[in-house]
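The structure under discussion is supplied below as C-alpha coordinates; questions concerning it will follow.
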Amino acid sequence: MLVQFSIVPLGRGESIGGQVAKVLDLVDGSGLPYRLTAMGTIVEGEWDEVMALIGACHREALTGAPRALTTIIIDDRPGKADRITEKIRSVEKRLGRELRK
Amino acid sequence: MLVQFSIVPLGRGESIGGQVAKVLDLVDGSGLPYRLTAMGTIVEGEWDEVMALIGACHREALTGAPRALTTIIIDDRPGKADRITEKIRSVEKRLGRELRK
Amino acid sequence: MLVQFSIVPLGRGESIGGQVAKVLDLVDGSGLPYRLTAMGTIVEGEWDEVMALIGACHREALTGAPRALTTIIIDDRPGKADRITEKIRSVEKRLGRELRK
Amino acid sequence: MLVQFSIVPLGRGESIGGQVAKVLDLVDGSGLPYRLTAMGTIVEGEWDEVMALIGACHREALTGAPRALTTIIIDDRPGKADRITEKIRSVEKRLGRELRK
(Lines give C-alpha, C1' and ligand atoms only; values in the text may rest on other atoms or scores of the structure.)
Protein backbone atom coordinates (compact mmCIF):
# COMPACT_ATOMS: atom_id res chain seq x y z
CA MET A 1 0.00 0.00 0.00
CA LEU A 2 0.98 3.61 -0.62
CA VAL A 3 1.03 5.86 2.44
CA GLN A 4 1.63 9.56 2.92
CA PHE A 5 2.29 10.81 6.41
CA SER A 6 3.30 14.02 8.12
CA ILE A 7 4.06 14.69 11.76
CA VAL A 8 3.74 18.11 13.36
CA PRO A 9 5.17 18.59 16.86
CA LEU A 10 3.28 21.31 18.77
CA GLY A 11 4.78 23.55 21.42
CA ARG A 12 8.23 23.94 19.87
CA GLY A 13 8.00 26.92 17.55
CA GLU A 14 6.92 27.12 13.94
CA SER A 15 10.05 25.74 12.29
CA ILE A 16 10.05 21.97 12.21
CA GLY A 17 12.77 21.20 9.68
CA GLY A 18 14.96 19.47 12.28
CA GLN A 19 12.06 17.18 13.06
CA VAL A 20 11.63 16.34 9.38
CA ALA A 21 15.33 15.43 9.08
CA LYS A 22 15.09 12.99 12.03
CA VAL A 23 12.00 11.38 10.55
CA LEU A 24 13.79 11.01 7.20
CA ASP A 25 16.62 9.15 8.92
CA LEU A 26 14.14 6.65 10.35
CA VAL A 27 12.40 6.29 6.99
CA ASP A 28 15.69 5.82 5.18
CA GLY A 29 16.78 3.17 7.71
CA SER A 30 13.55 1.21 7.16
CA GLY A 31 14.62 0.13 3.69
CA LEU A 32 11.15 0.89 2.29
CA PRO A 33 10.87 2.91 -0.94
CA TYR A 34 9.98 6.53 -0.14
CA ARG A 35 9.76 10.07 -1.50
CA LEU A 36 9.89 13.33 0.41
CA THR A 37 7.46 15.95 -0.89
CA ALA A 38 6.94 19.54 0.22
CA MET A 39 3.93 18.33 2.22
CA GLY A 40 4.96 15.01 3.72
CA THR A 41 6.66 11.67 3.22
CA ILE A 42 5.32 8.97 0.91
CA VAL A 43 6.30 5.37 1.63
CA GLU A 44 5.27 2.05 0.09
CA GLY A 45 4.96 -1.22 2.01
CA GLU A 46 2.70 -3.58 3.93
CA TRP A 47 0.43 -2.37 6.77
CA ASP A 48 2.56 -3.71 9.65
CA GLU A 49 5.94 -2.43 8.45
CA VAL A 50 4.59 0.98 7.41
CA MET A 51 2.68 1.49 10.66
CA ALA A 52 5.67 0.40 12.77
CA LEU A 53 7.77 3.00 10.95
CA ILE A 54 5.23 5.80 11.35
CA GLY A 55 4.80 4.87 15.02
CA ALA A 56 8.56 5.19 15.55
CA CYS A 57 8.57 8.61 13.83
CA HIS A 58 5.58 9.74 15.91
CA ARG A 59 7.28 8.71 19.18
CA GLU A 60 10.47 10.46 18.06
CA ALA A 61 8.50 13.70 17.60
CA LEU A 62 7.10 13.37 21.13
CA THR A 63 10.57 13.16 22.70
CA GLY A 64 10.99 16.88 21.99
CA ALA A 65 7.43 18.20 22.16
CA PRO A 66 4.42 17.90 24.48
CA ARG A 67 2.00 17.22 21.64
CA ALA A 68 2.14 15.81 18.12
CA LEU A 69 -0.35 15.83 15.26
CA THR A 70 0.17 13.03 12.77
CA THR A 71 -1.78 12.68 9.54
CA ILE A 72 -1.72 9.39 7.61
CA ILE A 73 -3.37 8.85 4.21
CA ILE A 74 -3.42 5.31 2.85
CA ASP A 75 -4.16 4.28 -0.74
CA ASP A 76 -4.35 0.50 -0.80
CA ARG A 77 -4.92 -1.41 -4.03
CA PRO A 78 -3.85 -5.00 -3.39
CA GLY A 79 -2.10 -6.68 -6.30
CA LYS A 80 -0.65 -3.46 -7.75
CA ALA A 81 3.09 -3.11 -7.15
CA ASP A 82 5.57 -0.22 -7.32
CA ARG A 83 2.78 2.35 -7.24
CA ILE A 84 5.15 4.97 -5.80
CA THR A 85 6.50 5.44 -9.35
CA GLU A 86 3.70 3.92 -11.45
CA LYS A 87 0.91 6.31 -10.41
CA ILE A 88 2.76 9.33 -11.77
CA ARG A 89 4.01 7.50 -14.85
CA SER A 90 0.45 6.50 -15.72
CA VAL A 91 -0.73 10.14 -15.52
CA GLU A 92 2.24 11.27 -17.65
CA LYS A 93 1.25 8.68 -20.25
CA ARG A 94 -2.31 10.05 -20.41
CA LEU A 95 -1.03 13.62 -20.61
CA GLY A 96 1.55 12.74 -23.26
CA ARG A 97 4.29 14.67 -21.48
CA GLU A 98 6.63 14.44 -18.51
CA LEU A 99 5.84 16.34 -15.33
CA ARG A 100 8.31 18.39 -13.35
CA LYS A 101 9.52 16.47 -10.28
CA MET B 1 -4.18 9.56 21.96
CA LEU B 2 -7.20 10.81 20.06
CA VAL B 3 -7.63 9.47 16.53
CA GLN B 4 -10.10 10.21 13.76
CA PHE B 5 -10.29 7.82 10.86
CA SER B 6 -12.41 7.24 7.80
CA ILE B 7 -12.27 4.47 5.24
CA VAL B 8 -13.55 4.84 1.69
CA PRO B 9 -13.85 1.68 -0.43
CA LEU B 10 -13.45 2.47 -4.15
CA GLY B 11 -15.09 0.56 -6.98
CA ARG B 12 -18.39 -0.19 -5.24
CA GLY B 13 -20.66 2.77 -5.98
CA GLU B 14 -21.05 6.05 -4.18
CA SER B 15 -23.11 4.86 -1.20
CA ILE B 16 -20.92 3.47 1.55
CA GLY B 17 -23.29 3.40 4.52
CA GLY B 18 -23.13 -0.41 4.77
CA GLN B 19 -19.38 -0.15 5.04
CA VAL B 20 -19.67 2.38 7.84
CA ALA B 21 -22.01 0.09 9.79
CA LYS B 22 -19.53 -2.83 9.59
CA VAL B 23 -16.70 -0.58 10.75
CA LEU B 24 -18.83 0.62 13.67
CA ASP B 25 -19.39 -2.98 14.76
CA LEU B 26 -15.62 -3.53 14.89
CA VAL B 27 -15.10 -0.25 16.76
CA ASP B 28 -17.85 -1.06 19.22
CA GLY B 29 -16.36 -4.52 19.83
CA SER B 30 -12.94 -3.01 20.62
CA GLY B 31 -14.15 -1.57 23.92
CA LEU B 32 -12.41 1.76 23.21
CA PRO B 33 -14.35 4.99 23.74
CA TYR B 34 -15.55 6.35 20.38
CA ARG B 35 -17.86 8.80 18.64
CA LEU B 36 -19.30 8.63 15.15
CA THR B 37 -19.39 11.99 13.37
CA ALA B 38 -20.76 12.89 9.94
CA MET B 39 -17.18 12.76 8.62
CA GLY B 40 -15.56 9.81 10.38
CA THR B 41 -15.05 7.88 13.57
CA ILE B 42 -13.15 9.26 16.56
CA VAL B 43 -11.58 6.79 18.97
CA GLU B 44 -9.32 7.21 22.01
CA GLY B 45 -6.60 4.75 23.04
CA GLU B 46 -2.94 3.79 22.82
CA TRP B 47 -1.09 3.55 19.49
CA ASP B 48 -1.04 -0.26 19.25
CA GLU B 49 -4.68 -0.87 20.11
CA VAL B 50 -5.97 1.96 17.94
CA MET B 51 -3.86 0.95 14.94
CA ALA B 52 -4.84 -2.72 15.29
CA LEU B 53 -8.49 -1.64 15.24
CA ILE B 54 -8.10 0.64 12.20
CA GLY B 55 -6.12 -2.10 10.41
CA ALA B 56 -8.99 -4.55 10.98
CA CYS B 57 -11.51 -2.00 9.62
CA HIS B 58 -9.29 -1.30 6.60
CA ARG B 59 -8.99 -5.03 5.79
CA GLU B 60 -12.76 -5.42 6.20
CA ALA B 61 -13.29 -2.68 3.59
CA LEU B 62 -10.98 -4.52 1.17
CA THR B 63 -13.01 -7.75 1.37
CA GLY B 64 -15.70 -6.05 -0.72
CA ALA B 65 -13.75 -3.58 -2.83
CA PRO B 66 -10.59 -3.59 -4.99
CA ARG B 67 -9.23 -0.40 -3.42
CA ALA B 68 -9.58 1.47 -0.15
CA LEU B 69 -8.56 4.97 0.88
CA THR B 70 -8.07 5.36 4.62
CA THR B 71 -7.36 8.67 6.34
CA ILE B 72 -6.07 8.76 9.91
CA ILE B 73 -5.54 11.93 11.95
CA ILE B 74 -3.83 11.57 15.33
CA ASP B 75 -3.76 14.15 18.10
CA ASP B 76 -1.42 12.85 20.80
CA ARG B 77 -0.86 14.75 24.02
CA PRO B 78 0.64 12.29 26.50
CA GLY B 79 -0.58 12.68 30.07
CA LYS B 80 -3.99 14.11 29.12
CA ALA B 81 -6.84 11.65 29.65
CA ASP B 82 -10.45 11.44 28.41
CA ARG B 83 -9.82 14.00 25.70
CA ILE B 84 -12.69 12.60 23.61
CA THR B 85 -15.07 14.53 25.91
CA GLU B 86 -12.70 17.07 27.51
CA LYS B 87 -11.69 18.87 24.31
CA ILE B 88 -15.26 19.93 23.55
CA ARG B 89 -16.05 20.69 27.21
CA SER B 90 -13.05 23.02 27.38
CA VAL B 91 -14.23 24.95 24.32
CA GLU B 92 -17.77 25.18 25.74
CA LYS B 93 -16.33 26.60 28.94
CA ARG B 94 -14.48 29.32 27.01
CA LEU B 95 -17.59 30.10 24.96
CA GLY B 96 -19.82 30.15 28.03
CA ARG B 97 -22.47 27.99 26.34
CA GLU B 98 -23.20 24.43 25.34
CA LEU B 99 -22.74 23.36 21.73
CA ARG B 100 -25.22 21.31 19.74
CA LYS B 101 -24.10 17.68 19.51
CA MET C 1 -21.61 19.83 0.72
CA LEU C 2 -20.36 18.56 4.05
CA VAL C 3 -16.97 19.90 5.16
CA GLN C 4 -14.74 19.17 8.12
CA PHE C 5 -11.92 21.55 8.85
CA SER C 6 -9.34 22.12 11.54
CA ILE C 7 -6.79 24.89 11.88
CA VAL C 8 -3.55 24.51 13.83
CA PRO C 9 -1.52 27.66 14.54
CA LEU C 10 2.20 26.85 14.86
CA GLY C 11 4.66 28.74 17.03
CA ARG C 12 2.31 29.52 19.91
CA GLY C 13 2.58 26.58 22.28
CA GLU C 14 0.72 23.29 22.33
CA SER C 15 -2.59 24.47 23.76
CA ILE C 16 -4.85 25.88 21.07
CA GLY C 17 -8.23 25.97 22.82
CA GLY C 18 -8.44 29.77 22.65
CA GLN C 19 -7.96 29.51 18.90
CA VAL C 20 -10.78 26.97 18.64
CA ALA C 21 -13.14 29.28 20.56
CA LYS C 22 -12.45 32.18 18.16
CA VAL C 23 -13.04 29.94 15.16
CA LEU C 24 -16.32 28.76 16.68
CA ASP C 25 -17.50 32.36 17.00
CA LEU C 26 -16.89 32.89 13.29
CA VAL C 27 -18.62 29.62 12.41
CA ASP C 28 -21.57 30.45 14.63
CA GLY C 29 -21.88 33.89 13.06
CA SER C 30 -21.99 32.39 9.55
CA GLY C 31 -25.47 30.95 10.10
CA LEU C 32 -24.44 27.63 8.52
CA PRO C 33 -25.33 24.40 10.32
CA TYR C 34 -22.28 23.05 12.15
CA ARG C 35 -21.03 20.59 14.77
CA LEU C 36 -17.88 20.75 16.86
CA THR C 37 -16.15 17.40 17.30
CA ALA C 38 -13.06 16.48 19.31
CA MET C 39 -11.07 16.61 16.04
CA GLY C 40 -12.48 19.55 14.12
CA THR C 41 -15.51 21.49 12.99
CA ILE C 42 -18.08 20.12 10.55
CA VAL C 43 -20.12 22.58 8.53
CA GLU C 44 -22.67 22.18 5.73
CA GLY C 45 -23.14 24.63 2.86
CA GLU C 46 -22.23 25.58 -0.69
CA TRP C 47 -18.59 25.82 -1.87
CA ASP C 48 -18.35 29.63 -1.87
CA GLU C 49 -19.91 30.25 1.54
CA VAL C 50 -18.01 27.41 3.24
CA MET C 51 -14.66 28.41 1.75
CA ALA C 52 -15.18 32.08 2.64
CA LEU C 53 -15.84 31.00 6.22
CA ILE C 54 -12.79 28.72 6.44
CA GLY C 55 -10.65 31.44 4.85
CA ALA C 56 -11.76 33.89 7.54
CA CYS C 57 -10.93 31.35 10.28
CA HIS C 58 -7.53 30.64 8.69
CA ARG C 59 -6.67 34.37 8.54
CA GLU C 60 -7.82 34.77 12.16
CA ALA C 61 -5.35 32.03 13.20
CA LEU C 62 -2.53 33.85 11.41
CA THR C 63 -3.12 37.08 13.35
CA GLY C 64 -1.59 35.38 16.39
CA ALA C 65 0.86 32.91 14.89
CA PRO C 66 3.59 32.92 12.22
CA ARG C 67 2.32 29.73 10.58
CA ALA C 68 -0.97 27.85 10.28
CA LEU C 69 -1.80 24.36 9.10
CA THR C 70 -5.37 23.99 7.89
CA THR C 71 -6.92 20.68 6.87
CA ILE C 72 -10.17 20.60 4.91
CA ILE C 73 -12.07 17.43 3.99
CA ILE C 74 -15.05 17.80 1.66
CA ASP C 75 -17.75 15.21 1.05
CA ASP C 76 -19.94 16.50 -1.76
CA ARG C 77 -23.01 14.61 -2.95
CA PRO C 78 -25.14 17.07 -4.91
CA GLY C 79 -28.89 16.68 -4.40
CA LYS C 80 -28.64 15.25 -0.86
CA ALA C 81 -29.69 17.72 1.82
CA ASP C 82 -29.19 17.95 5.59
CA ARG C 83 -26.38 15.39 5.52
CA ILE C 84 -24.92 16.79 8.75
CA THR C 85 -27.63 14.87 10.61
CA GLU C 86 -28.73 12.33 7.99
CA LYS C 87 -25.40 10.50 7.63
CA ILE C 88 -25.37 9.46 11.28
CA ARG C 89 -29.10 8.71 11.35
CA SER C 90 -28.70 6.37 8.37
CA VAL C 91 -25.92 4.42 10.12
CA GLU C 92 -28.01 4.22 13.32
CA LYS C 93 -30.87 2.79 11.26
CA ARG C 94 -28.62 0.07 9.85
CA LEU C 95 -27.20 -0.72 13.30
CA GLY C 96 -30.68 -0.74 14.88
CA ARG C 97 -29.52 1.39 17.81
CA GLU C 98 -28.67 4.96 18.71
CA LEU C 99 -25.03 6.03 18.98
CA ARG C 100 -23.61 8.09 21.80
CA LYS C 101 -23.16 11.72 20.74
CA MET D 1 0.75 29.30 0.85
CA LEU D 2 1.55 25.70 0.03
CA VAL D 3 -1.46 23.46 -0.62
CA GLN D 4 -1.81 19.76 -1.29
CA PHE D 5 -5.12 18.51 -2.61
CA SER D 6 -6.60 15.30 -3.93
CA ILE D 7 -10.03 14.65 -5.37
CA VAL D 8 -11.66 11.22 -5.36
CA PRO D 9 -14.82 10.75 -7.45
CA LEU D 10 -17.07 8.03 -5.97
CA GLY D 11 -19.37 5.78 -7.96
CA ARG D 12 -17.18 5.41 -11.05
CA GLY D 13 -14.94 2.41 -10.37
CA GLU D 14 -11.62 2.19 -8.59
CA SER D 15 -9.39 3.56 -11.33
CA ILE D 16 -9.32 7.34 -11.32
CA GLY D 17 -6.31 8.10 -13.50
CA GLY D 18 -8.42 9.84 -16.16
CA GLN D 19 -9.75 12.13 -13.46
CA VAL D 20 -6.23 12.96 -12.34
CA ALA D 21 -5.19 13.87 -15.90
CA LYS D 22 -8.15 16.30 -16.25
CA VAL D 23 -7.29 17.92 -12.93
CA LEU D 24 -3.66 18.29 -14.03
CA ASP D 25 -4.79 20.15 -17.16
CA LEU D 26 -6.67 22.65 -15.00
CA VAL D 27 -3.71 23.01 -12.63
CA ASP D 28 -1.30 23.46 -15.52
CA GLY D 29 -3.56 26.10 -17.07
CA SER D 30 -3.65 28.08 -13.81
CA GLY D 31 -0.04 29.14 -14.18
CA LEU D 32 0.67 28.41 -10.51
CA PRO D 33 3.78 26.38 -9.60
CA TYR D 34 2.81 22.77 -8.89
CA ARG D 35 4.09 19.23 -8.40
CA LEU D 36 2.24 15.96 -8.91
CA THR D 37 3.05 13.35 -6.27
CA ALA D 38 1.85 9.75 -5.96
CA MET D 39 -0.70 10.96 -3.39
CA GLY D 40 -1.95 14.30 -4.70
CA THR D 41 -1.13 17.62 -6.26
CA ILE D 42 0.87 20.33 -4.51
CA VAL D 43 0.37 23.92 -5.61
CA GLU D 44 1.68 27.24 -4.31
CA GLY D 45 -0.25 30.52 -4.38
CA GLU D 46 -2.57 32.88 -2.55
CA TRP D 47 -5.79 31.70 -0.88
CA ASP D 48 -8.21 33.03 -3.52
CA GLU D 49 -6.38 31.76 -6.60
CA VAL D 50 -5.63 28.33 -5.08
CA MET D 51 -9.19 27.83 -3.83
CA ALA D 52 -10.67 28.93 -7.17
CA LEU D 53 -8.47 26.33 -8.88
CA ILE D 54 -9.37 23.52 -6.47
CA GLY D 55 -13.05 24.46 -6.75
CA ALA D 56 -12.84 24.13 -10.54
CA CYS D 57 -11.16 20.70 -10.21
CA HIS D 58 -13.78 19.59 -7.69
CA ARG D 59 -16.67 20.62 -9.99
CA GLU D 60 -14.95 18.86 -12.90
CA ALA D 61 -14.88 15.63 -10.87
CA LEU D 62 -18.62 15.96 -10.20
CA THR D 63 -19.49 16.16 -13.89
CA GLY D 64 -18.71 12.44 -14.16
CA ALA D 65 -19.57 11.12 -10.71
CA PRO D 66 -22.44 11.45 -8.21
CA ARG D 67 -20.12 12.13 -5.28
CA ALA D 68 -16.64 13.54 -4.74
CA LEU D 69 -14.32 13.52 -1.73
CA THR D 70 -11.77 16.31 -1.77
CA THR D 71 -8.98 16.67 0.78
CA ILE D 72 -7.07 19.94 1.09
CA ILE D 73 -4.05 20.48 3.36
CA ILE D 74 -2.73 24.02 3.69
CA ASP D 75 0.65 25.03 5.10
CA ASP D 76 0.69 28.82 5.29
CA ARG D 77 3.75 30.73 6.48
CA PRO D 78 3.32 34.32 5.30
CA GLY D 79 6.55 35.98 4.15
CA LYS D 80 8.24 32.76 3.01
CA ALA D 81 8.38 32.41 -0.77
CA ASP D 82 9.02 29.51 -3.17
CA ARG D 83 8.38 26.95 -0.46
CA ILE D 84 7.42 24.32 -3.06
CA THR D 85 11.16 23.83 -3.68
CA GLU D 86 12.70 25.37 -0.54
CA LYS D 87 11.12 22.97 2.01
CA ILE D 88 12.80 19.94 0.45
CA ARG D 89 16.08 21.79 -0.17
CA SER D 90 16.24 22.77 3.49
CA VAL D 91 15.82 19.14 4.61
CA GLU D 92 18.48 18.00 2.11
CA LYS D 93 20.84 20.59 3.57
CA ARG D 94 20.32 19.22 7.07
CA LEU D 95 20.75 15.65 5.87
CA GLY D 96 23.85 16.52 3.86
CA ARG D 97 22.62 14.60 0.82
CA GLU D 98 20.16 14.82 -2.04
CA LEU D 99 16.89 12.94 -1.89
CA ARG D 100 15.43 10.89 -4.72
CA LYS D 101 12.65 12.79 -6.52
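Per-chain residue numbering starts at 1, and chain names A, B, C and D are given in the order in which the chains are listed.
One rule holds for everything that comes next: a contact is a pair of C-beta atoms (placed from the backbone, for glycine too) under 8 Å apart; a residue touches a chain by one contact, two chains touch by 3 or more.
All values reported here derive from a predicted model rather than from experimental measurement.
These two copies of the sequence, chain B and chain C, are related by a rotation of 180 degrees on CA atoms, to the nearest 5. Judged by shared residue numbers over all numbers used at their interface, chain A and chain D contact each other through mostly the same positions, with over half in common. With centres defined by CA atoms alone, the chain at the far end from chain A is C. Computed centre separation for the pair chain A/chain D is 16 angstrom, with centres defined by C-alpha atoms.
In this assembly, the C-alpha centroid of chain A lies 26 Å from the C-alpha centroid of chain C. Under the contact definition stated at the top, the residues of chain D that touch 2 or more other chains are 14, 66-67, 69, 71, 73, 75, 77. Within the complex formed with chain D, the chain C residues making contact are 47, 51, 55, 58, 62, 66-78. Touching chain A in their complex are the following residues of chain C: 8, 10-11, 13-14, 16, 65-67, 69, 71. Contacts from chain A toward chain D in the complex involve residues 2, 4, 14, 17-18, 20-21, 24-25, 35-40, 42, 71, 73, 75, 77, 83-85, 87-88, 90-91, 94-95, 99-101.
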